[in-house]
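Each structure below appears as structure tokens.
Note that chain A is present in both complexes that follow, paired respectively with chain B and with chain C.
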Partner chain A sequence: MTNTGKWRDLDKLLSRPGNLVNPGFEPSPELKDDLGEYTKVLVVGAGGLGCELLKDLALSGFTNLHVIDMDTIEVTNLNRQFLFRLQDVGKPKAEVAAKRVMERVSGVNIVPHFCRIEDKDLDFYREFNIIALGLDSIEARSYINSVACSFLEYDSDDKPSEETIKPMVDGGTEGFKGHARVILPGVTPCFECTIWLFPPQVKFPLCTLAETPRTAAHCIEYAHLIKWDEVHSGKAFDADDPEHMQWIYSEVRNWHSSVNMILIVLLFILLTLAILSQALKRAELFGIPGVTYSLTQGVVKNIIPAIASTNAIISAACALEALKIVTACSRIMSNYLTYNGLEGLHTKMTEFVRDKDCLVCGPGILLELETSITLQKFMELVGEHPKLLLSKPSVTYQGKTLYMQAPPVLEEMTRSNLKLPLFDLMDKMSKDVIHVTGMTNKDDKKTSCLRKLRIVFKGVDGITDVDMASGA
Partner chain B sequence: MIRLFKVKEKQREIAENANGRAPVKKQSAGELRLHKDISELNLPKTTTIAFPNGKDDLMNFEVTIRPDEGYYRGGMFVFTFQVSPVYPHEAPKVKCKTKVYHPNIDLEGSVCLNILREDWKPVLNINTIVYGLHHLFTEPNYEDPLNHEAAAVLRDNPKMFESNVRRAMSGGYVGQTHFTRCTC
Partner chain C sequence: MTESKTKYDRQLRIWGEQGQAALEKASICLLNCGPTGSEALKNLVLGGVGSITVIDGSKVEEGDLGNNFMVDDSSVGQSKAKSVCAFLQELNDAVKAKFVEESPEALIETNPSFFSQFTLVIATQLVEASVLKLDRICRQTNVMLICARSYGLTGMVRISVKEHTVIESKPDHFLDDLRLNNPWPELKRFAESIDLNSTDPVVHKHTPYVVILVKMAEEWANSHGGRLPSTREEKREFKDLLKGKMIGLDEDNYKEAIEASFKVSASRGISSGLCQILNDSSAEVDSVSSDFWVMVAALKEFIANEGGGEAPLEGSIPDMTSLTEYYINLQKIYQAKAEADFLAVEQRVRNILKRIGREPYSIPKTTIKSFCRNARKLTVCRYRPIEEELNSPVLSELQKYLTDEDYSAAVGFYILLRAVDRFAANYNRFPGLHVGEMDEDISRLKTIAVGLLGDLGCNGSALTEDLINEMCRFGVAELHAVAAFIGGVASQEVIKLITKQFVPMSGTFIFNGIDHKSQLLAL
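Then we have the complex of A and B:
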């Protein structure tokens, strides 16, 4: 295929005007080149969704991609993580995925990062114009969300300043269901604004598991949470560790003295999941059917079987949104798409609203302060400020506990900070976010609240004197 | 947004060497909520809290309960709390560090307390959990057993249960199991 032929559809989309475009769309043949030259995209996750995302973005004209994933390829990934082959098992997902897409799509450059998302500093994330998430955990989403939102700045009218918005497209799948969403921090709800969308994991009461298991899932949870710990106190269970497997194997041999044993042992070899044996023992004891490999995985690893087509559909939606955000060639989805392919096909777009008091993406309350103000004085100010009126405040700054009202042990540890200048406690940053907890009067009732404050120090320009800070 | 990216690219080149100082790690929403919970703690007088990693790690802490009534009066029981970055979406992980003869706590320290698992809700907080744990010592409950034997003894022979608890707390054997002394 010639180069012009390859991009024919994209060229049409980007070089012709239309009625459904986003404000600011300027159709031109150069737009596609700019897409490659000026847009740096980070794909988070190189699993089922990540593989699709990388391929889709590369085929949508993005040429400057990075991918980050801490996992290595397992044999069970191969059915849907289509960039990987049998000989890749054991290699880093990010590296193999990057290599495969670069081999197939000419002109694209993908930089892999084989590490945890927490291992990268803020400067790493700052480089990217857009972040695409192909993740399966709430923790990881929440982390990336807080990183992306940390770049967001508000002006003195509490309007987000456009050049600080770090857009995210987020995909998620669970069996035949999935979602795709666009997060423009400061404009659309962030992950934290709508964390309630993620249902909490079902937890069985521990004592039910131990005493009166009624379902197969109970047995598996019991084996996982209690039996393993009884024998290997302190050691984390790893379902992929052959030694852990071996332990189970011998356990089973001790347990079953009858003919049953042969059957069970055969079953174990077939199923090859260590924890299953414990679960089966338990299921048998209480006469519960239905302990299977996939159920065991489902309960222990909290995995719902992944469906390749769901990943493909969700990732296509995400890649298209990324293209729309960057080029404005069409209206951006607003703002949360759900997809269900379980019976027929159902999709729905919901426009969720922001939590205006969101601690992560909200503007917070702007305070302009002198560099000389002590923490003590600052706390008094917080009590008098008409928008705050917080009494008994406790203060935290970027993971540093500056002052705590309670418990006494922390109050004592932080008391010496009270007479120090807040500017020093905030590492001499000219402006930054600080969080304050305290009591406030609402309708004559005392309620506790947690507030985000944007502190700007007067007379300090954007550039901190690093030499002074290090006390030369 | 691509026009913005172009502008930013230029700005970045200019600003490249101007200020290399990166802000410190971001606080997760979970940490912030926990900060609020901790600053509002109102513990029973029989309870103390400690932060083994210092004042800047609130996500890992220990709560010590010294019951002043019931079977466990005079004992001292340490619980470790591990709080997730997505707290309060998820309940903290709580384990009993002190080996205890108790119907609702097993010998590995797993605790059967409804609000730690099936009944956890984001409106609950650290204070609620501490009161819940405290309650386990004043009202041990044989209907939700994790330690089978202890539960059966409590149900069938409270007198014997009491003496078993005493023996365990002062560092002795109950059946085949040895307990380390945990009286204060």
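Then we have the complex of A and C:
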């Protein structure tokens, strides 16, 4: 009997036994239905990788998908983000991408979220069985990684407990190169364990820019700094910096929302032109060739070259691994695939190892506290702790918000908790895990991060009592 | 015009306007528009290829909806080529999209001249017999061919082109062309004009490392009988010498000099790779030689004469700590030398063209200039006819990977992908199509695979039962994720072939979707 239905091809893989599969593979014709019914996948990013991921996952049998992206569609997306058309420019990526895939693949439901990843609370992320990352920024990857790892719990033998592992597949591309990886928090290295794979961009020394510029990029970077300084005293404008983007938005806040997007685009062009003009003057002054609009744009927007084929390859590898993680129908990659199509074709699988002292996927930093310590005091502690240095912290315990910095309504609602003892807020548990989100300084850049802390209260546990008594 | 420039901005930053123009001129033919072919073409349509022609004789079935994004519920029962073509057209209206509702096998059989109109043919999901015929047709008419196939969790991609020459190979890491140990008079004179012992601290810490190394290399050579540091000990000594010249710990230019000191010891003259190209029989040119080989012939003459054993200077220098004035001057000196070298090569190109009876100005200046700038990075790719590979693959390559713990599965899949075609030729269907015949199919496929290995002169024991089982389990399924990967790889190779930039893959790529230990086999 031959299956001629819609899942003719996928069913073969899912319903037939094999020997080169992951432990726990239970082939059956129902596996495909389970995949749809019980598996909820979050795709983070609806750009070059995200569009491909949504399509690949929908055609790999997943029917319950969510996608989150804060961006709107631009003309420069159209050479690879195949779910978007010229008439979609200006619309939210997540919404258009979800709609297009649902139109073409019947039976798939995709819920779009047009917002920043930081806008969603832990409970939102908790619901997903697997998270697929299609991002182009280290900060965003790092954030989602910390969220996924925050659900991880360790048993008394310091082994990660299986049901708390939130698997991730992560892809990244640049031109003809890319990587695809599988992160099983607690089992394989998390993003932070191997953060050295993503070294921060080398910045030009200020004295070079000011005194001895030599290249077109130096002139542009200088103009960039000066121009931004004129309108907004501080550092160079950075489109990835939420504070800077906030300024752009605030500039156009009073305008009608439908012209906002156009204005933002225009403002970018004006800013770029203003920088270009200054850079050209400077280049002329020093006799430096090569300052162009395109190069200026590259500096201002930190453009990473991107093409359709690499995104397709990397996303496909990620989607395939997602299918394996959920169904065990084949061996899961272990654990980092690099692809380079620049000179010939090179693929390489590297098995990275966990950093045993990782703050993110480890059991969490242990803090021993007095039962009398207030939430306010605890937050100060978190700001001073050398391994944390979290400013503007928000605190949640077991999904319950103890204190929230923003929005103002929530801040007001939770403010009264500040003077209460943390011990009481944690239901007088002698020890438990608590989650703190806040800002931290990384490579001179403020980034959101989430940390899991293991709190132990002194004098509550029987054994500690004895110790205290004998010490006293 | 500006809109398309904006639309293609992210790729123009990779292959430039010339690369884009080549894409927009290309006409691509796709054989079979299942997910593998459709995905390959999708990536090319987005990038803006000139025209596409989709060839497929089948109608859309229910089962196509589960693996092909280019068809939807409303296309069931209709021509697959037509449905796929319509969706692709939606992606980019600048592309001319056509379809032919005919089976590729029949077209290859009955109308071989049909293919000569295309720049490149992407043949997907074709069995061995058809591939062989198509390869012969394409080679006769100089049409580039890429074969791609997805099969369960495995698949393959192979290029078949007689010869592909690349000027702009754009390698990621390539030693810059500074001639520190072999400076020409102008560079030498400039270096001499700067005093390394300057007492002005600003000048001292802003003397470019190129100048430091040129001068120090000369100093070293003078005290070592004209030799440069070559042993490990000498290289260390040379670095110490540089360190000794520092007057402050913050002198980045000296740090750069120490880091770049190995460039002083780099061997003079051309690389073995370039030497091979110069000595290629194609470098003996006649009236039918391509522009590339005419320029190689000129390059060969240049190196033997004006070049003094060196290729034309590239002419660009990396950024380095320096006073603006020094840097700009240095830049000009390198550019001037590169320009002079280019003029000499150009003269030789013109003379050669005249000699072989071609119009002396038939190769544009810009092409010769780019050729000179990239002379050290020239790449020539040649692919054996597929028939040759199938009949006599490079045995040592197969043996090497068959016994390799990580990559034996990739070679195993190579053998099995060929074995399933033999299976299909014998039994008129692929193995594992029906669950009821699974056990029988496994033993039949094993017999065929072992026989195939024997024919090739390999030891059959290296092929595991597990892998043969797996191949039957796949039952010729075309999984979307695998198809998107294989199609993606195929489209990326197409881009490299058409833009004539970067280096296309050199052998047969075997995808291993089980643990992603894929391998490029040089067969």
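Of note:
Simple rule for what comes next: the second predicted complex is superposed on the first by the 307 of 472 C-alpha atoms of A that agree within 3 Å, B and C clash if a C-alpha of one lies under 4 Å from a C-alpha of the other, contacts with A are read in each partner's own complex, and residues count from 1 in each chain.
Everything below uses one rule, namely that a contact is a pair of C-beta atoms (placed from the backbone, for glycine too) under 8 Å apart; a residue touches a chain by one contact, two chains touch by 3 or more.
Here the structure is a predicted model, which means the values were calculated and not measured.
In the superposed model, A:350 lies in contact with neither chain B nor chain C.
By the touch criterion defined above, A:139 lies against chain B but remains apart from chain C after alignment on the C-alpha atoms of chain A. Once the two complexes are overlaid on the shared chain, A:31 sits against chain B while remaining clear of chain C. Looking at the shared chain after the overlay, A:407 reaches chain B, while chain C stays out of its contact range. Shared-chain residue A:416: touches no atom of chain B or chain C. Once the two complexes are overlaid on the shared chain, A:75 sits against chain C while remaining clear of chain B. Residues of chain A touching chain B in their complex: 24, 26, 31, 34-35, 38-39, 121-123, 129, 138-139, 142-143, 146-147, 150, 162-163, 165, 167, 192, 195, 198, 200-201, 203-207, 210-211, 225-226, 229-230, 233, 325-328, 359-360, 394, 396, 398-401, 404-407, 409-410, 413-414, 427, 429, 432, 435, 437, 448, 450, 462-464, 466, 469. Residue ranges of chain B in contact with chain A, taken from their complex: 1-9, 18-33, 35-36, 38-43, 48-51, 54-56, 58, 84-86, 89-91, 104, 106-108, 110-112, 114, 117-118, 120, 144-146, 148. Looking at the complex, you find that chain A touches chain C at residues 1-10, 12-13, 16-20, 52, 55-56, 59-61, 75-76, 78-80, 82, 85, 103-106, 175-176, 180, 208, 212-215, 218, 286-288, 294, 297-298, 303-310, 312-313, 315-317, 319-320, 323, 330-331, 333-334, 337, 340-347, 349.
Interface residues of chain C facing chain A in the complex, by the touch rule stated above, are 3, 6-14, 35, 39, 42-43, 46-48, 61-63, 65-69, 72-73, 90-92, 152-153, 169-172, 206, 319-324, 327-328, 406, 432-436, 438, 465-467, 469-470, 473-475, 477-485, 487-489, 491-493, 495-496, 502-506, 509, 513-518, 520.
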